[in-house]
Amino acid sequence: SSSSKILIKGGTVVNAHHQEVADVYVENGFIVAVKPHIHVGDDVTVLDATGKFVMPGGIDPHTHLAFEFMGTETMDDFFTGQAAALAGGTTMHIDFVIPVDGSLTAGFEAYEKKSKKACMDFGFHMAITKWDEVVSKEMEIMVQEKGINSFKFFMAYKGALMINDDLLLEGFKKCKSLGALAMVHAENGDAVYEGQKRMIELGITGPEGHALSRPAVLEGEATARAIRLASFINTPLYVVHVMSIDAMEEIAKARISGQKVIGEPVVSGLVLNDSWLWDSDFLTAARFVMSPPIRAAGHDKALQAALSTGVLQLVGTDHCAFNSKQKALGIDDFRKIPNGVNGIEERMHLVWDTMVESGQISVTDYVRITSTDCARIFNIYPRKGAILAGSDADIIILNPNSSFEISAKSHHSRSDTNVFEGRRGKGKVEVTIAGGRIVWQNDELKVVPGSGKYIKLPPYNYLFSGIDKAEANYLASLKAPVKRTIISKA
Amino acid sequence: SSSSKILIKGGTVVNAHHQEVADVYVENGFIVAVKPHIHVGDDVTVLDATGKFVMPGGIDPHTHLAFEFMGTETMDDFFTGQAAALAGGTTMHIDFVIPVDGSLTAGFEAYEKKSKKACMDFGFHMAITKWDEVVSKEMEIMVQEKGINSFKFFMAYKGALMINDDLLLEGFKKCKSLGALAMVHAENGDAVYEGQKRMIELGITGPEGHALSRPAVLEGEATARAIRLASFINTPLYVVHVMSIDAMEEIAKARISGQKVIGEPVVSGLVLNDSWLWDSDFLTAARFVMSPPIRAAGHDKALQAALSTGVLQLVGTDHCAFNSKQKALGIDDFRKIPNGVNGIEERMHLVWDTMVESGQISVTDYVRITSTDCARIFNIYPRKGAILAGSDADIIILNPNSSFEISAKSHHSRSDTNVFEGRRGKGKVEVTIAGGRIVWQNDELKVVPGSGKYIKLPPYNYLFSGIDKAEANYLASLKAPVKRTIISKA
Amino acid sequence: SSSSKILIKGGTVVNAHHQEVADVYVENGFIVAVKPHIHVGDDVTVLDATGKFVMPGGIDPHTHLAFEFMGTETMDDFFTGQAAALAGGTTMHIDFVIPVDGSLTAGFEAYEKKSKKACMDFGFHMAITKWDEVVSKEMEIMVQEKGINSFKFFMAYKGALMINDDLLLEGFKKCKSLGALAMVHAENGDAVYEGQKRMIELGITGPEGHALSRPAVLEGEATARAIRLASFINTPLYVVHVMSIDAMEEIAKARISGQKVIGEPVVSGLVLNDSWLWDSDFLTAARFVMSPPIRAAGHDKALQAALSTGVLQLVGTDHCAFNSKQKALGIDDFRKIPNGVNGIEERMHLVWDTMVESGQISVTDYVRITSTDCARIFNIYPRKGAILAGSDADIIILNPNSSFEISAKSHHSRSDTNVFEGRRGKGKVEVTIAGGRIVWQNDELKVVPGSGKYIKLPPYNYLFSGIDKAEANYLASLKAPVKRTIISKA
Amino acid sequence: SSSSKILIKGGTVVNAHHQEVADVYVENGFIVAVKPHIHVGDDVTVLDATGKFVMPGGIDPHTHLAFEFMGTETMDDFFTGQAAALAGGTTMHIDFVIPVDGSLTAGFEAYEKKSKKACMDFGFHMAITKWDEVVSKEMEIMVQEKGINSFKFFMAYKGALMINDDLLLEGFKKCKSLGALAMVHAENGDAVYEGQKRMIELGITGPEGHALSRPAVLEGEATARAIRLASFINTPLYVVHVMSIDAMEEIAKARISGQKVIGEPVVSGLVLNDSWLWDSDFLTAARFVMSPPIRAAGHDKALQAALSTGVLQLVGTDHCAFNSKQKALGIDDFRKIPNGVNGIEERMHLVWDTMVESGQISVTDYVRITSTDCARIFNIYPRKGAILAGSDADIIILNPNSSFEISAKSHHSRSDTNVFEGRRGKGKVEVTIAGGRIVWQNDELKVVPGSGKYIKLPPYNYLFSGIDKAEANYLASLKAPVKRTIISKA
């Protein structure tokens, strides 16, 4: 069944730019042909997709597998997390390499090791947590040799990952010089720290304290700051996990003025609200602790709306799964609850249900926000993110008339809970093909550790197009330096 | 030379979703293949496009050829206007049918006649200038039989084309029911009328009075009104000729909230400013009279910025060419100056220079805003707007290292002036292929009256995707009607 | 007890610009002295205000007493409505004269008659419901002879009071020429009409249909339109009953750009939300029907916030009381429910509780938004709206440590219901002095029909200050008309 | 002539809340009576103010006299600067005490010494430039004993005065606890530093580099940040020298949402633009160097508009005068040009001309923005900022029909240049009375060193009104801590 030759017949093939009824023929891991009425021999596995959508596999731009964080490590490693992803129709993800004691090289090597067991394709972003000449030099190596084209800066997590404006400016300049995309986790870390102290002083030690200590205004602040500093440096910016109206509106404002800013909502922010954090059961509430926090009802709908019209561009998950035992580390102090929620398996279904079934977007838009724009932004389109001849055979078949239901009992993550527990909806990923092999069919996974490839992400994506010209035009517009005579008349 | 078989070799083939070096093979008016290293026989005309961009021909969404307006008729008819278009790299346009005494049928027939001499493909929008059951019925016929999928409502031109909110609401409802796109010319016509009177009373009878009588605030007002009424009816909206920050910001605001609104800047609004209207030579000033007016410097840059990030989507021209003699009708009263400027020939060059050469957008974006998005919005993609196997062979070859210069002396419009006179820039359309034939090469036009086809535009474009579901969800959310007992407790 | 000489001792005397502990001495209807330690003879009634606030009586800028509307007449006439007002600490109101068959003169005479039984001071606004030379001339008479300095235009109530943009522009111009303030009821009447039809078609005939048929977007639209047209005419604008974020944000935006726009929230909009309209008891729900409708929760808080910082300026009530029998006229069709809620008696208490007790504003701000700014806008400050020597003796004593509770059982309106039923809060008006007489004390009213005076409101309030200069500067800035030679060079 | 008894007859007496024709009688430094037709004896100096405005003397909230900065000291000390102020109708100012090596006490003592020669009343703000327990304790002493009620935090001047977010949060909390007003100089200092380096690298070493190195986006950023952090701490904020649309719009946005933020434009920002910085004469250009920089044309008008409607509240000067020799310190490097412009003498005239003569505001507004609101914000109203019986006799007589002209030749500052050189306008301060003495009349100054008093500014101004209640309401709204059982169900 996991033959290297597959024909998908009769489905509606959807790319971000167009949909049409056609057959898709796959061989040796690649899409060979996309056209009506393809005829093949007996050695070909034929999948009937009549009445269904044949789409590029999802690409999750934001995950944390095998992530050591807050004194523990996420439940899902590169095998279990990816297996879950495949079961949910996601065929590639980009994970965040965390430097080891500030060393990018050591961090990269650690993640190379962790990812050996990969069962689907993946790429890496890299976090920058300190600044010196070594880091600066390592950034070059990462971009020019290691396949990294994006660097993330944490404006929060004071005392741990957080960097200040000084480093942010240096980092942005370096990114620009390398054609690498600057990313930010945007919350004001100093204020969050203050907010946390305040909550503890008020005796608010439970999960609701997490939300209260870092309100949306602090996300809006940091987003505004990062955007304006990126504008000042004139380099594109990618804002990860946009969780609030406050942050979204800053992105919208920048885009209206022509600035190249990408906003990534995550599925938890799109479909959940913060009422769970007030649940009287600690573990139920703790499950929903992530940063920036899931916001009050209203933010979710506003993010959906912005996503529907391209104000925000692509959907991630920030998949960072901890189980109940780990979450219980913060039983007496919300500051010790490991931050993170699941989503890598659920994203494709929830986005379909929330955005397409609700009538907010078209199916082509769905492909764009779950796959194509991610491939374009990280510069691997149309190898990924498309159903085109020549593209990698990462494909899903989604049945719009079938339905899904989410539960920790049936999910493939190793976590014992699921923040989307009990959620049902229309649209079901019935088949996932990754790298040309059928890995998910009839609710069964067939995945092999080590079968996933590391995908190098080249620098200078489309956002960098024209930056040199724009800069030259800007400089020419300054009418400076003014030529001045030595002797002053005043 | 205008063989039916053409091979374009070695160029960078650009679609809105991707660009790559490839050959393009054309036969019988269609693109047959797009791939590297196509080998062909001797009967094929081979064009070397090495170092050049091979792109879909431009589609101009907004023109007025052979338009009877303000007591005169535009200089360019369907032959001369289209010839000019082809010389500038535009291979299709959509013109506005004006009803005859309110009759859509009569209007359509008149435009069928006018367009007999077409030398390139074209489609029609239809204006709605009054409302009754006949008009309502004719709209159905236009959509279902005649290939019209968009209707334009004039919120200005009091006493002539202008309609009121009542009609706008009826029209929007009808459009929605037919899957047709509602379009608006957005200026507050009552206020414009008042402004005109005021200017005359102030003794301001020259072209500067045109700008002063209808400031941007009136465009912003009408744009806001049309958007909110469209939201109220829940139907997509297309705002033609967005000329001001005021209007653009209303569109941006609506899009942030998830509303489906399309904004069309025109090339005159993108690259000119209103200083010309103050020129001391009447005819020079009068040349720039169009409505809404070309705005003060600042609006142009802001519109460019919004266009660069997708806040506005596609570029038109509102090509509506009058010569000096016609413009002179308003020598004593700006209200009698025929409204309109040229652009159909200049659009592709000016957008390239202003947007791509300036570094504001990528080449793929260029294709999107000059061709693909127009094809998608008017529902003929990928027949038009793409360089894909199967698409119509409407193709341009643009040399980014060549340059253009605009002058009435050399342009192909029949008008004796050009609002872009003297403008130079980089990037030159060296070859235009329309319907599979080379019509522009070596600065020579080879066009044949009657060779252009009328392209029917089908209803229910992508903006209508999900509208039914969204509406059903909305109705379900109302919690109404409330069930009430007959006897009241109060 | 209702002596003509009163000394209020030891209270905190509050004006909008300052508060201080002082005594207030009143004689013959006027405030004679405001200073510490006033000593008086035995013939003076002495009120101890120690620990209490002595403030100008409230002025309600928006009421409808004895108003014939929707086939019935409000329960409260000039006597009962004013008596209720006095019991709640309001000592003056401005009512809307409605023309009779378009005649301002006839309307004015009718209201003169109705107001004969007045027991407190009052002024008049005048509605304009049609346009011709007679109306234009009558406006002059009203302003120059009759004491009217504001005219209201209804952008809703299609087929009844509604006017179109044409009339609005004419009206604004006339107002400007007379130094009279233009006011608008801002909802898009055409769209409301459409919305009403739609609700009926959907079978939604109950009070919730009222809210659903005229959503906030229609209030935002009309507010934006009125503001921009007023800007175009360059005359100040007063927006009555600002009920939504949509309208408020338009006012804020205009003010940021320097436009003279006044926004009046009403107490029902500040403290209620639309959930009542979904009440399963018809009469309970119908009680809350007013236009624009009371909005969803969230609008109330946003209006409070805007009021707290001066984005909105003063609070009205739109008091327009109908009893249950009248409300029942719409039992089968919400369109027939007489529009209107009470508030004239409750305003002062609810604003205190909602704005001062909540910590949003200071006591001086309270005086400003309930009294002083109304007096300034309608040009009778410091005769009204101040506790200054020489001002009319319209005074309240409010005990911040006492409390109030609202109920139809105890209120003084003739209506049998109260939209604020059951509401309690801190702060109680213990004494009301109107025209120098104690009319409310120890929860007892002492009012005399006919004791109220008609207060003429003079034109050219402070908002008109500088309008001529600004206009002259604007005209000078036009650089028009351009001087042009007869012979053109083109 | 400088008798202690003065009668000002027949003028229009203007307070922020009201204007009326009245006489003003002054004795022993205080205003004794304000009413029509005051009759006095022969020992009283009588000034005829018929046809003129009698107004509270200006209060400049933002000055730097005898300020040691950037290696030099301002030209104007407490005597010459105040003399200039009095000649221009300003009778009080509030200067910034700069700590000495971080010590508030030492700083205060230094300024006590400097101000010994004062010839008019003055108060102090205090800058906070580092943070530790000593500083925190000194803040208490300053507020409780020394008469300081405002503390300023510099977000720019990296390596010198600049503080980071951490300190800002601590400072805001301390201010809140003391009832003291937090003030910010809002520019992103890290980015400014980066911008300066960039300009030098580009070879732009002249004054234009000053503007280019710190664009408006950096002022907008810091303003947004300070506002949101103040919101997070829930304490009022005062933004000094609002120079740009970017900053103003952040203030407007905050105020719309109910936040207590005060915005202070300065006269240079209101009436100048940055074109001077491109002047080919170094000293001419250098004269205009201040921070944040004077902005491009357009910002000035927008700030005026916002000021006219109360979006911004009061006007300062940031008077910080350096002469040509001092400015020449930066001949080779704009970073060494001492930052600062004059204004203390010109403010009253320029605000009159720009705001009143232009028709943008009324005369009462003029009093409010030049005097009353400053007195209210710094909590000394109505002692200052009013023409009321009991107020200090700080009074000006302004003749609206006279005119002024500004020149370094005639001004009273010790600086050899004037950024407003050559500016003329209508409205002239003909008489200044300070502390009950006529100090400016017939273009002559009569001032005595040491005659000025230090005015203690008490904490808890009106902006603090209700803060405790609001905070209590906020805490009550949190529904936290959630009561949780020990044993979790998950």
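A, B, C and D are the chain letters, set down in written order, and residue numbers restart from 1 in every chain.
Basically, contacts are C-beta pairs under 8 Å (C-beta built on N, C-alpha and C of every residue); 3 or more make two chains touch, one makes a residue touch a chain.
All figures in this text were calculated on a predicted structure; none of them were measured in a lab.
Asks: Note the shortest touch-path length, in steps, from chain A to chain C.
Replies: Tracing touching chains, the least step count from chain A to chain C comes to 2.
Asks: Count the C-beta contact pairs for B-C and for A-B, then tell me which is higher.
Replies: Looking at B-C and A-B side by side, B-C shows more C-beta contacts.
Asks: So the centre of each chain is just the mean of its C-alpha atoms; given that, what is the distance between chain A and chain B in Å?
Replies: Computed value for the inter-centroid distance: 36 Å.
Asks: Using mean CA coordinates as chain centres, what's the chain B-chain C distance in Å?
Replies: Computed value for the inter-centroid distance: 48 Å.
Asks: Testing understanding: with touching defined as stated, what is the shape of the graph linking the protein chains, line, ring, star, complete or other?
Replies: ring
Asks: Please output the residues of chain B touching chain C within their complex, sorted ascending.
Replies: 164-166, 169, 188, 190-191, 194-195, 199, 202-206, 208-209, 212, 215, 217-218, 220-221, 224-225, 228-229, 231-233, 278-285, 287, 324, 328, 417, 475, 478-485, 488-490
Asks: Considering the complex alone, what residue numbers of chain B touch chain A?
Replies: Result: residues 15-18, 248-249, 252, 255-260, 302, 304-306, 308-311, 356-364, 372, 381-382, 386, 462, 465-473 of chain B touch chain A.
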